[in-house]
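Two complexes are shown next, each including subunit A; its partner changes from subunit B in the first to subunit C in the second.
Entry: the complex of A and B
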């Protein structure tokens, strides 16, 4: 693959990742957010596949396929199933969307400033876009901290995980297959456990608004 | 060079004054046809203007000089913007500062004039319209600035003519990430700035949530004509700017007769095409609740800011 085309495609993928994260903050309907999460996972897989093609490494391509299946399809589907059971589709986050969007702008600048030393280490097109991964991590943290419902927090967690994976692939061209497999299965397990937990909370108390769960009962 | 640039700026002003009422006519006609109505034809805005210019303005007792000066000020600001931004040609001289910051501040001058006219009569509607208009402007102007700033980073100049010329020289930069993000942000900002659909409904006259119509409610006759023409010119100029940035081909880079005619022809095509597209889209949109408008504008601001960050990222590589 030609170097300039590779750089442009990496830039485009990073842009889609960033845009999907911003839209996740912007839109607060749960079904829309899950679709955006699926888009983000697929884009991440395309990014990994691009790196794999550029380095002609079969292992990275296999990881790309795995990421595509898990983050583009399986995790969003699992989330969508548990979202189906809850009756409200809208989430009212702790801070309003306007403030959240302006916060995203600040976080993006912060990520850019923080990861500049990291980006200056390498010279390829992949290391230049590392700040995008950092931004995803910070936006994931923000979604995790401001979401009121269990599923919104889970979405935040997955964005955070996408961010970490993005940084790993961009900065070092991916970790060994075994480690990547372990991380992906970890995430899957976390989602499964939290999904069961959400279901339990729902059957027990009727809603998954975590702000209501402030006291212990015997 | 100076004479050419001044002539072209003058030409752009005259052409835009002729074209924008037709642009509004086309937009209304497209909307009417899509909604299954016949529509008054594309010349109707011109007929309206002729009628309004012939009428004497009625002013309520207690209205100040702002009522007569404001519309003229809006008109002057819109005309200056039309002269300064590259619409027909990318030629510019030192005498005519086609700089991004100059253009945005002149736009803001028109916004303030319009808001003052709305406040002058002292009615509830006008005051509400003006306060909403200023709220929106407070978020739109930074978006426009930041979005075009993102485009100016790779070129190293904030002159709009230079940006468009660099895009003619390197068409692949038009579909780059930075350019797409900036254009989306600029598009949303344009819709908000010119009171188009998701922010304000341009076809209402008496609604509690209207913005633009609320401000011009107390104006009549000549005053109203100047206000309407000034607002249409703003829409035309901003659409023309988006057209120049999105499809810069055919714009005159040399002051020859042939190139200028080609530039004029392309301007007409781009302007009317974009107008028809915009009003076609508007049919499918519902007006946003007023309290959700800042959300939309904050979103467009974030997109513009991301464009700036992305252009810094890509500049390094």
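Entry: the complex of A and C
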């Protein structure tokens, strides 16, 4: 692949990743958010595939396929099934959307500041967009901290995880395959466990509004 | 001899598989005990072999045991044996459903063994994340509202914290990639001739330590710990408090050694001392006002992790040796205390400190060993925690940190008074409730034997022949090589 084309495509993917994260903060319907998460996972897979093509590495292409299946399809589908069981589709936001978007802008600046030492990792197009991955991590944190509903917190967790994966692929072209597989399986298991817990909390409390979880204090 | 390292992993995996498949009554009772016994035997043999012939490695270098790994494997095995044996249920109580519990406990022991044996930082990370996966349902095992809430918090905060640590590990990998030798092997990373960018390593190490500190229960990322440790079944609380926290701290020690060889000791030192002192402060404040027995023990674990963090921050031979001994003895004492507290609260039907009174008179069979475990935990001689705490204070003064050490000693004192106050009220306090009679607990299942052995071990271990050499070897291993 030509270098200039590669740089443009990487930039495009990073743009879509960032945009999907910002839209996740802005939108409040749960089904829409799950679709956005699926888009984000797919974009991440395309990004990995691009890096794989550029380096002509079969291993990275295989990882891209796996990421596509897991983050683009499986995890969002699992979330959608959990969401189906709850009757409300809307989350009452803890902070209003305008304030949340302003916060996202601040987080993006913070991500660029934090990523400054990482510039020395190389001067290629992939290193330049590492801050986008960091922004995703911070936005994921924010979604996790402000999500009241179990599904919203799960979405936040997955955005955070997508952010970490983005940094991993951009900064180093991915960690060794064994580790990569372990990481993907662990994330899948954590989501499955949280899904089972969500179901149990639902039967116990009648809803999955986590504001109700206040029995343990001090 | 090198294949010794495969045994604990294979044994745990096979036992878990067998328990899940056959669900035989004896496996439903003994799987955890057999697994931890196996881990303990492998740990001790590995330790002996490492001291005699140097590091072992297996699975093509993927598994490696130096003195630190072998020591931690021994800790996992001994604390595991104490918790699982102490939590052994009688034949009548072992209904068919306990296979889930035993399978998860066995897998939990296996993941902890993998975490301490992996040479690759990435594999170590995967194993530590897998401990969250295997313990999630154990925390929520009782399926009450409280335990579900605790399990939710535990999984969310635990996995986010550990995810942050992964970001740090990725950046370490990226740094080695740009220097031309991509590696995540601890041995290669620790050899000081890697030309990596210190600025990148600084960010990476900060993230990795922050992440693993969440799992190790250091303040201010400790909020999941008292919930998870108080809601789990008692043997699981013992395992989590006694050894899982230390396994997470082991990861911090490995990262600290890498940071030391690139950045020097200063940067990580203050991260650890700050987190450690803050943890001791948090536990001091919350133990004083504590109303729940198991939560009190959980906060005491935060205090002890804080002590170990301060010791690791000080660094040097004496402090690291003290920290390692502290990890072992705290694990034995805390798992004993949790198992006994679990049996006391089950017998009394409450976990409220205010409702538990004159236990010594009413339940001497459980209370005598519980009292001994508490004496060990608050750091009174002859138990080894007394000597380790004194050694840490000495080491701190010698490294020129007098103010830190004054704060450290003061906080130990506050925690001591808090724990003693609650314990004496529970054990000796006057009770309105009628005397339930001297229930002497002499059944051999869930027996006192393991706990008596564990507590005696926490007295004699420091004086064992050759033990000092082990601690010295670990300190040299972690020493800053530049």
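What we mean here is this: the second predicted complex is superposed on the first by the 214 of 218 C-alpha atoms of A that agree within 3 Å, B and C clash if a C-alpha of one lies under 4 Å from a C-alpha of the other, contacts with A are read in each partner's own complex, and residues count from 1 in each chain.
In this text, a residue touches a chain if its C-beta (ideal position, glycine included) is under 8 Å from a C-beta of that chain, and two chains touch if they have at least 3 such contacts.
None of these values were measured; they are calculated from a predicted model.
Quick check on the subunit A-based superposition: subunit B and subunit C, clash or fit?
Here subunit B and subunit C can both sit on subunit A without a clash.
With both complexes superposed on chain A, which partner does A:84 reach: first (subunit B), second (subunit C), both or neither?
neither
More residues of subunit A are touched by which partner: subunit B or subunit C?
C
Is A:160 contacted by the first partner subunit B, the second partner subunit C, both or neither?
In the superposed model, A:160 contacts subunit C only, not subunit B.
Tell me the contact category for A:216 with respect to subunit B and subunit C: first, second, both or neither.
A:216: touches subunit C, not subunit B.
Thinking of the overlay built on chain A, is A:144 touched by subunit B (first), by subunit C (second), by both, or by neither?
Touch status of A:144: second partner only.
Just subunit B (first), just subunit C (second), both, or neither: which does A:125 touch?
In the superposition, A:125 contacts subunit B only.
Tell me the contact category for A:178 with respect to subunit B and subunit C: first, second, both or neither.
After superposition on chain A, A:178 lies in contact with subunit C alone.
Aligned on chain A, what is the least Cα gap between subunit B and subunit C? Give it in whole Å.
17
So in the complex, the part of subunit B that touches subunit A is made up of which residues?
176-177, 180-181, 294-295, 298-299, 301-303, 305-306, 309-310, 312-314, 316-317
Can you check the complex and tell me which residues of subunit A touch subunit B?
Residues in contact with subunit B: 7-8, 11-12, 14-15, 18-19, 22, 26, 96-98, 101-102, 104-105, 108-109, 112, 119, 123, 125, 128-129, 131-132.
Help me check something: in the complex, which residues belonging to subunit A touch subunit C?
Residues of subunit A touching subunit C: 114, 117-118, 120-122, 137, 141, 144, 150, 153, 157, 160-161, 164, 167-168, 171-173, 175-176, 178-179, 182-183, 186, 189-190, 193-194, 196-197, 200-201, 204-205, 210, 213, 215-216, 218.
For a test of understanding, state which residues of subunit C touch subunit A in their complex under the given definition.
For subunit C paired with subunit A, touching residues are 120, 122-123, 125-126, 129-130, 132-133, 136-137, 140, 143, 145-146, 148-153, 155-156, 159-160, 163, 166-167, 169-171, 173-175, 177-178, 182, 184, 197, 199-200, 202-203, 226-227, 230-231, 286, 289-291, 295.
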